[in-house]
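First up is the structure itself, then whatever we jot down about it.
All chains are identified by letter, namely A, B, C and D, in their written order; residue positions are counted from 1 within each chain.
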Amino acid sequence: MSIPTNDQASVRTGIQASETPLGRDDLARLVARDIQPGSFVNLGIGQPTLVSNYLEPEQNITLHTENGMLGMGPEAAGDQIDGDLINAGKIPVTELPGASYFHHADSFAIMRGGHLDICVLGAFQVSATGDLANWHTGAPDAIPAVGGAMDLATGAKDVFVMMTLLTRDGVSKLVEACSYPITGIGCVTRVYTDKAVFLTGPDGVQVRETFGCTLEELQAMVPVPLRAADPS
Amino acid sequence: MSIPTNDQASVRTGIQASETPLGRDDLARLVARDIQPGSFVNLGIGQPTLVSNYLEPEQNITLHTENGMLGMGPEAAGDQIDGDLINAGKIPVTELPGASYFHHADSFAIMRGGHLDICVLGAFQVSATGDLANWHTGAPDAIPAVGGAMDLATGAKDVFVMMTLLTRDGVSKLVEACSYPITGIGCVTRVYTDKAVFLTGPDGVQVRETFGCTLEELQAMVPVPLRAADPS
Amino acid sequence: MLNFIDTVGEAVAGIKDGSTVMIGGFGNAGQPFELIDALLDCGATDLTVVNNNAGQGDQGLALLIKEGRVKKMICSFPRQSDSWHFDAKYRAGEIELELVPQGNLAERIRAAGAGIGGFFTPTGYGTMLAEGKETRILDGRGQVFETPIHADVALIKALTADGRGNLVYRKTARNFGPIMAAAAKHTIVQVSEIVPTGGLDPEIIVTPGIYVNSIVRVAAAAGETERVA
Amino acid sequence: MLNFIDTVGEAVAGIKDGSTVMIGGFGNAGQPFELIDALLDCGATDLTVVNNNAGQGDQGLALLIKEGRVKKMICSFPRQSDSWHFDAKYRAGEIELELVPQGNLAERIRAAGAGIGGFFTPTGYGTMLAEGKETRILDGRGQVFETPIHADVALIKALTADGRGNLVYRKTARNFGPIMAAAAKHTIVQVSEIVPTGGLDPEIIVTPGIYVNSIVRVAAAAGETERVA
């Protein structure tokens, strides 16, 4: 497979396409390349964490972790492991030069005050207008847990979602309106999936790229009206 | 003159008396001795600042200054003077071992969150129920300025006022209701004056000590009902 | 009033049944394990506990929950792969849960320490977690009214204390310590090291001693008890 | 985006007429005098200025006021023995004043940086400064509703910056710098020293670089320009 070689996400013209669906790592590589140089970014637990493997040093990206750090480095290994230095997923990580530590209220002030350029989150569902559902299945016997998801969804300047487009049962996770309990209203700006990249917002859904399908094939999978992205 | 030699303000029985009115320094000495060991204290600009001259090292008092410091030491002199180390009155001060610095929101959180044991403030007027007026004369051409007065009045566990009992014109500053714009409602717990120490609160005014006058003579000067302090 | 105390047992001895207890830590980092063990030993029950999680594995807060000492958890993320004691109590209806978005949890704790009576935040607006709460539009955004979380006691872990009770922390173990210290009536701190007054640079102090009541040194080196593998 | 800039003139060149400008400092400590002088030179006018005071003597903010560039002051303590330029403009009705208790000023600036839409505080309740404001009883106390103060630009002074824009301050010169840096869309910092990335201990950083946009080194040693006598 191949990924379009645009340097900047903001200089794309209409729809792009590749011949096959994207794997998780290819998708992570694509998200990484779409992050503007110099950005401050929070990567959610799970699939979004993969993005950190593909950030290039020359992008000069600073990673934030909600438990009180800017300048987080890669996962720690061997002698680097330090129980006092972990990420939001409680995995030991490392510290890059220029890092800083702060307490939880200051850390969430960074998120809630609109200072993060991008957060990348997983999702159960995203609606056509950018509502996010990623914290609760709504199952009656589920023990609810929210963590920092609502703060990130509401606070970051841009919220990118990474997910497979379809559930295991083949149902679209991009929906007209979320049936799962929502995390935030109208907060998602882009949805990266194995089959396409979608731009969401108040005006509905645009398709920036497709992977292994045409726009028409994609439309057949997704219950919301799609259109090719405006040249930008 | 002499000052009663109680070690603790809380172990006084009824009214105390001395033969002459107290001067500013004697009053400051009295306030200093009434501060419980280990207290965290903020001393307002002007007369209250004198109190710091009479705090004994064994009292282990920590002074807070609103511009971002705990553990403030005495006024700086000569080579000690450092423009980056000043108090709320913008006077150069010194730093004691165990001091700490913090930003303005953290400094006012200490005041507003109820963490200071005592603040000592000057006043234009105090009401029988402890309303404080100390920031504005109410004169129509006055340029208003409030600083941290309202935060201290509202936030400290105990607010002590130091003032002369009477204006230059012989009018009592202890009043039924403040005619000047107030700083805070029902916040003052003690009023230290040249003629008496008053305890104020929702139940009215008690007199703990008189200086150079009897309770009856004091009552003649003050337009609010006075009674001798309950044994405490 | 600041006291230096010899044992964790004496440090927690005054905690009463029915207290609201804040416990620092995020994951294992900054968890005051020895103080939590002492709380378990001291027998206090009917507790409301404020922590980011609801216990993990068979240690610390998880044991306190298992033993039925916790009537209510206020936390953001109770459900973890090894939160089986909480899960069991919750499914049995034997523990109350107040689930709070993590940023609201931190900000509500901070509000308590800072004397704020309540605040509006966009976090949670339009979600299940705002149901029944006051909302209004401010700065063009839907916002939810949240109130401070006060506590009787905070149990936290720091790296070093000086003779005035000033504290510094270590890396991401700082997390909830500073805000819980300010929000509780009585703050108990376990530290790895106590240095004389003047032994900490005034510029680097994170928690001023005014927020600290009891300090007990716990021998383990910093990060040692939390070391993974 | 962070930029290191050679001169204070270039640093403030983008400030537009009508901007809200926060200026750090309490008294002379932490006042970014050189940036204020540059703002005077750059000609921007119709400004709303947020500072604890309203200028002193014949320098800095006082000159900006004298020259008629400030349409409104938001501050806690405008009246000082040497605030004659503000006094004159105020009495002439040529400058607007929003007088804010100092703790509300600090908390409102902090709220802007932290994404809080508004908060209730006991400070000012029942006073002239709460007239016309929403009030309610919370925790048994009368409280006043206060809203965040956002700014287009903050001009602050720090001691040292590293290559990532992380900042440390010096003694009581810290004051408003950290909260203003977070509350402004664009934060311009004058520092005494710039060190390479990694030259500041991550544990002691007060303002993380995420809050900083422009850094300019001003040659004077720390505390030098403010030294009294």
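Heads up, the rule we're going with is that a residue touches a chain if its C-beta (ideal position, glycine included) is under 8 Å from a C-beta of that chain, and two chains touch if they have at least 3 such contacts.
What you see is a predicted model, and the numbers here were worked out from it, not measured in a lab.
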Among the chains, which is located farthest from chain B on the basis of C-alpha centroids?
A
Please tell me whether B-C or B-D has the greater number of C-beta pairs in contact.
B-D
Express in whole angstrom the distance between the two chain centres, defined as the mean CA positions of chain C and chain D.
33
With chain centres defined as C-alpha means, what is the inter-centre distance between chain A and chain D in Å?
35
Just give me the whole-number Å value for how far the CA centre of chain B lies from that of chain D.
30
Multi-chain contact residues (two or more partners), chain C:
107, 114-116, 121-122, 169-171, 202-203
Check each residue of chain A and list the ones that touch at least two other chains.
69, 95, 101-102, 105, 108-109, 111-112, 155
Where do chains touch, given as pairs?
A-C, A-D, B-C, B-D, C-D
Under the touch definition given earlier, write down the residues of chain C that touch chain B in their complex.
1-2, 112-116, 162-164, 166, 182, 197-198, 202-203, 205, 208-211
What residues on chain B touch chain C, complex-wise?
38, 40, 62, 64, 69-71, 95, 97-102, 105, 108-116, 155
Chain C-touching residues of chain A, taken from the complex the two chains share
65-69, 81-86, 90, 92, 95, 101-105, 107-109, 111-112, 136, 141-151, 154-155, 181-185
Residues of chain D touching chain C in their complex?
107, 111, 114-122, 136, 138-139, 141, 143, 147-148, 168-171, 201-204
Of chain D, residues touching chain B in the complex
26-30, 76-80, 86-87, 90-91, 97, 99-104, 106-107, 109-110, 121-129, 142, 169-179, 206, 222-229
